[in-house]
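In what follows, structures are represented as structure tokens.
Two complexes, one shared chain (chain A), two partners (chain B, chain C).
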Partner chain A sequence: MYTDLFLYFLFSSFALLASLMVISLSNAVHSVLFLILVFCNIAGLLLLLGAEFLSFMLLIVYVGAIAVLFLFVVMMLNIKKTSTTLSFFFNRPIGIITFSILFNQLLGVFNDFDTFGLKQKDLIWISWITEHNNLTNIQAVGKVFYTKYSFLFILSGLILLVAMLGAIILTMHQRTDVKKQKIELQLNRNFGGSVKFINLRK
Partner chain B sequence: MYNFYSILPEIYILCNICILLMYGVFFSTFPSLGYPLLNKNFNLLVLQILIFSFLLAFSQTPLNLLNWNNLLISDFFTYYAKLIIILATIGWLLLSFGYSIKEKLNYFEFWILVLLAVVAMLFITQAYDLLTIYLTIEFQSLIFYILASIKRTSEFSTEAGLKYFILGAFASAFLLFGSSIVYGLTGLTNLSDLSKLFLGLIGNEISFNLIIGFIFILVALLFKLSAAPFHVWSPDVYEGAPISVTAFFSILPKLAILGLLFRFLLFTFYDFISYWQSIILIAAFLSILIGTFGAFAQTKWKRFLAYSSINHIGFFLLALLSGDLNSISSVIFYGIIYIITMSGIFAFTVNVNFYAYSKTYQLRYLSNIKGLAKTDPFLAFALTIILFSMAGIPPMAGFFAKLFVLLAAVQVDAFGISIFAVIMSCIACFYYIRLIKNIYFDSVINWKVMEPMHKMSSLILGLSLIGILFLFIDVEMVSIITLLMSIPFLH
Partner chain C sequence: MLTYINSTNTSTLLFLISVLGIFLNQKNILVMLMSLEMMFLAVSFNLIFASIHLDDITGQVFSLLILTVAAAESSIGLAILVIYYRIRSVITVELMSLMKG
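On to the complex of A and B.
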């Protein structure tokens, strides 16, 4: 079976292409989107290696948090966009690819499954002993993380503490002379009080 | 049990950090007390904590063991390095005492960050695993980025922080990349495991990729040490940061990183000596060259001191070349003298303020000290002694430091670089002595009025002066300790 190899090449080539796009695109938003694509592909590669915990962490942390943060920052920076119009013909290949993938899935279901007899053609064997004794990835990570490498765990906790402290020190301004909007004063104003007449000495 | 015993001072400081954080957060936002400024209070508390942790570290037995699952090591070097680092921090605290009150650095978090930085440096001296090395160095650098930009209303300070952050993050990435290459090729992260693996590799083919990984790590460490081809950040960061933070950067972390470099080069990668010797040689050569000639062009004290420290780093690396007992001990000796001298000169630089009507000015330009001999002869004398020591004039401590380093270099027939170092140090003499000429012989038209120094910092200045002046009576007092510290690095 060359499925693994095929998937490996697929993911790595997509990752390469997407990372090339990240640095070559002129629109910052698009390049961040391609960065997310890179992360997704790397997560796929990690899944192939059997490190499912790492791969999902990558998805959650990088795609879920960091890349979205990037996206927000890039959008807030108000970078001038070069507008591109998407034509119908540009969309069509993507549609075809999606369709063929879905169709392939459907075919696969029909191949493995005897639809008329409502039963599976090939039996799948599960070794329940290994399933039972097997350590999942997360369990294995946790077992060394909280025992052998507990020092590193505490150290990374300290690093996070420093990051929190730094963010608070460098950004929180507690000053009294900052000009703020005072809503109660604004609401109290009326037409009568807004213009005053005063007599100047001639 | 030994796990906790060996890092008792760090645990003590960390517990106190937690308590101080709570205390600071509650009290600085307490309306009925009128939002008190906790600056002075925190300064004294931190002083107390450091003195207690010094006593803790001092009363420990020097152990020789690996702990925390071989992630940390404790030996003679870590024992004495801890003592030196905590002592140097106490000295720094005393000399920056007046400055922080005068300049209104009213963030209590500043002192907590200082304590955290001390913990980070103590861990760096004990790091014994690539993972620990990366995490501790990252821990230290993160604190330093914040410290550099702590004066957030000042443009220079934020610029320094940002510059330091970007370049430092780059170096950290190098460190991580190099470690991952080494791990990928060997499957090991522990320094002693790596050293055992490399034991027989001398004559054989060493994988080229391994050397690349090694060089990546070495470059990152040299960057953190601000050795010459990777020194560009240091003058800018030193100049931009508030001067007490500059003093912190230049006094404290050098010894910790240097210890790590020893452990890395002389213990783990000793069998690669033919490869790293040339790299260290180039770095030493460039450090001395740039440190000497760069300092010529400077007009500001902070930049001047930055280049001068690059020059000293060159001497550290010079003695590293041979990698035997003598040379390690001479580097540590130089390091201790460096800490003493830098404490002295920063006690001067941080605390000298000139009074011009209605305002006081900090010492900023080198030419500010013209005519100091007339306005304050004792201070002028103290500064002269320190500058003589930095230049390496015989009876001062700086002379012995340079002498031992050069002797160690000559013993392995490194004549070329030794002669070069001697010539460069003669040239360096010129600008140190030019400052002394400014102090004593230049006539000034506008006499300056100086504010009296803070009592604590004058204490530090005096102590460092005594150390520099009277070391020659008993050099062994220091050199025995340095010899003890250098023993663990031998095979």
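On to the complex of A and C.
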């Protein structure tokens, strides 16, 4: 009945708790993982609100790009020695939860065993003949974004180009102690300059 | 039932928590950058909720622009952080005022 309300409170409370964990944890890797949890919860909230395009865009950009970039930098910079000793009891609750959910679902197939009300009693069917004339969220965004705000679209592309060039130029540095293959020197070599005859004993 | 709920509380609380994260956490700049990302997220979520609540698509367009700027900002910031670590081999916020051009 109130599934959307329940999901709303679940997602928002989880997002806020995870954001509190992000700012309070001392280990940076754990902070990044809780940041991913915040992004996923906010994406779920947006999915509940009906903004599907922005939700999945947020998931792709934040989790797929920014959080992975953070994780990469955190692991590259070697700020703090993290003890990666996963105890046996760390994996156990996740396994128990996954097992109980799958067990409940699979048992619900056979008979009416339904612990948390996870089984759907009255099926809702969608008439796709009437549904396919609707304007979806991505169509609505695209119709405005490519026409009225096309200048902003081009400008955001320019911003991304500048950011990409800046990141490449900032982090690129030429190492002098590495032997490299230089094509022009190889092509300029000839037989006379490379082979020398010397007499060892005169 | 969801249409009666005001989602501004969530985004405002998220924004305030991120501000707290920036101002309380003075030792780790990575956590400060993460808080900055969460601030972007809160503002963008607020815009999207307003656009759905008021039935106006402009908020979603501008939240997409915020997403672009957030991606650019994080890439540039982390690049600067990597150079700073390469030069000083330590990232502390207190000594960052000693940087010269």
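Assume the second predicted complex is superposed on the first by the 121 of 202 C-alpha atoms of A that agree within 3 Å, B and C clash if a C-alpha of one lies under 4 Å from a C-alpha of the other, contacts with A are read in each partner's own complex, and residues count from 1 in each chain.
As a working rule, contacts are C-beta pairs under 8 Å (C-beta built on N, C-alpha and C of every residue); 3 or more make two chains touch, one makes a residue touch a chain.
These figures come from a predicted structure and were not determined experimentally.
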{"item": "Touching partner for A:Phe151 - first (chain B), second (chain C), both, neither", "value": "first"}
{"item": "Chain A: partner with more touched residues, chain B or chain C", "value": "C"}
{"item": "Which superposed partner A:Ile94 touches (first chain B, second chain C, both, neither)", "value": "neither"}
{"item": "Which superposed partner A:Gly166 touches (first chain B, second chain C, both, neither)", "value": "both"}
{"item": "Contacts of A:Val195 with chain B and chain C, given as first, second, both or neither", "value": "neither"}
{"item": "Shared chain A contacts, counted only where both chain B and chain C touch the same residue", "value": "149, 152, 156, 159, 162-163, 166, 170"}
{"item": "Interface residues, chain A side, partner chain B - complex", "value": "148-152, 155-156, 158-159, 161-163, 165-166, 168-170"}
{"item": "Of all residues in chain C, those that touch chain A in their complex", "value": "1-2, 5, 7, 10, 13-14, 17-18, 20-21, 24-25, 28, 30-31, 33-35, 37-38, 41, 44-45, 48-49, 51-52, 57-58, 60-61, 63-65, 67-76, 78-83, 85-86, 91"}
{"item": "Touch list for chain B against partner chain A, complex", "value": "14, 68-69, 71-72, 107, 109-110, 112-113, 116, 119, 123, 131-132, 135-136, 138-139, 142-143, 145-146, 149-150, 152, 161"}
{"item": "Parts of chain A lying in touch with chain C, wherever the complex brings them together", "value": "2, 4-5, 8, 12, 15-16, 19-20, 22-23, 26, 28, 31-32, 35, 38-39, 42, 45-46, 48-51, 53-54, 57-58, 61-62, 65-66, 69-70, 73-74, 76-77, 79, 137, 140-141, 144-145, 149, 152, 156, 159-160, 162-164, 166-167, 170-171, 173"}
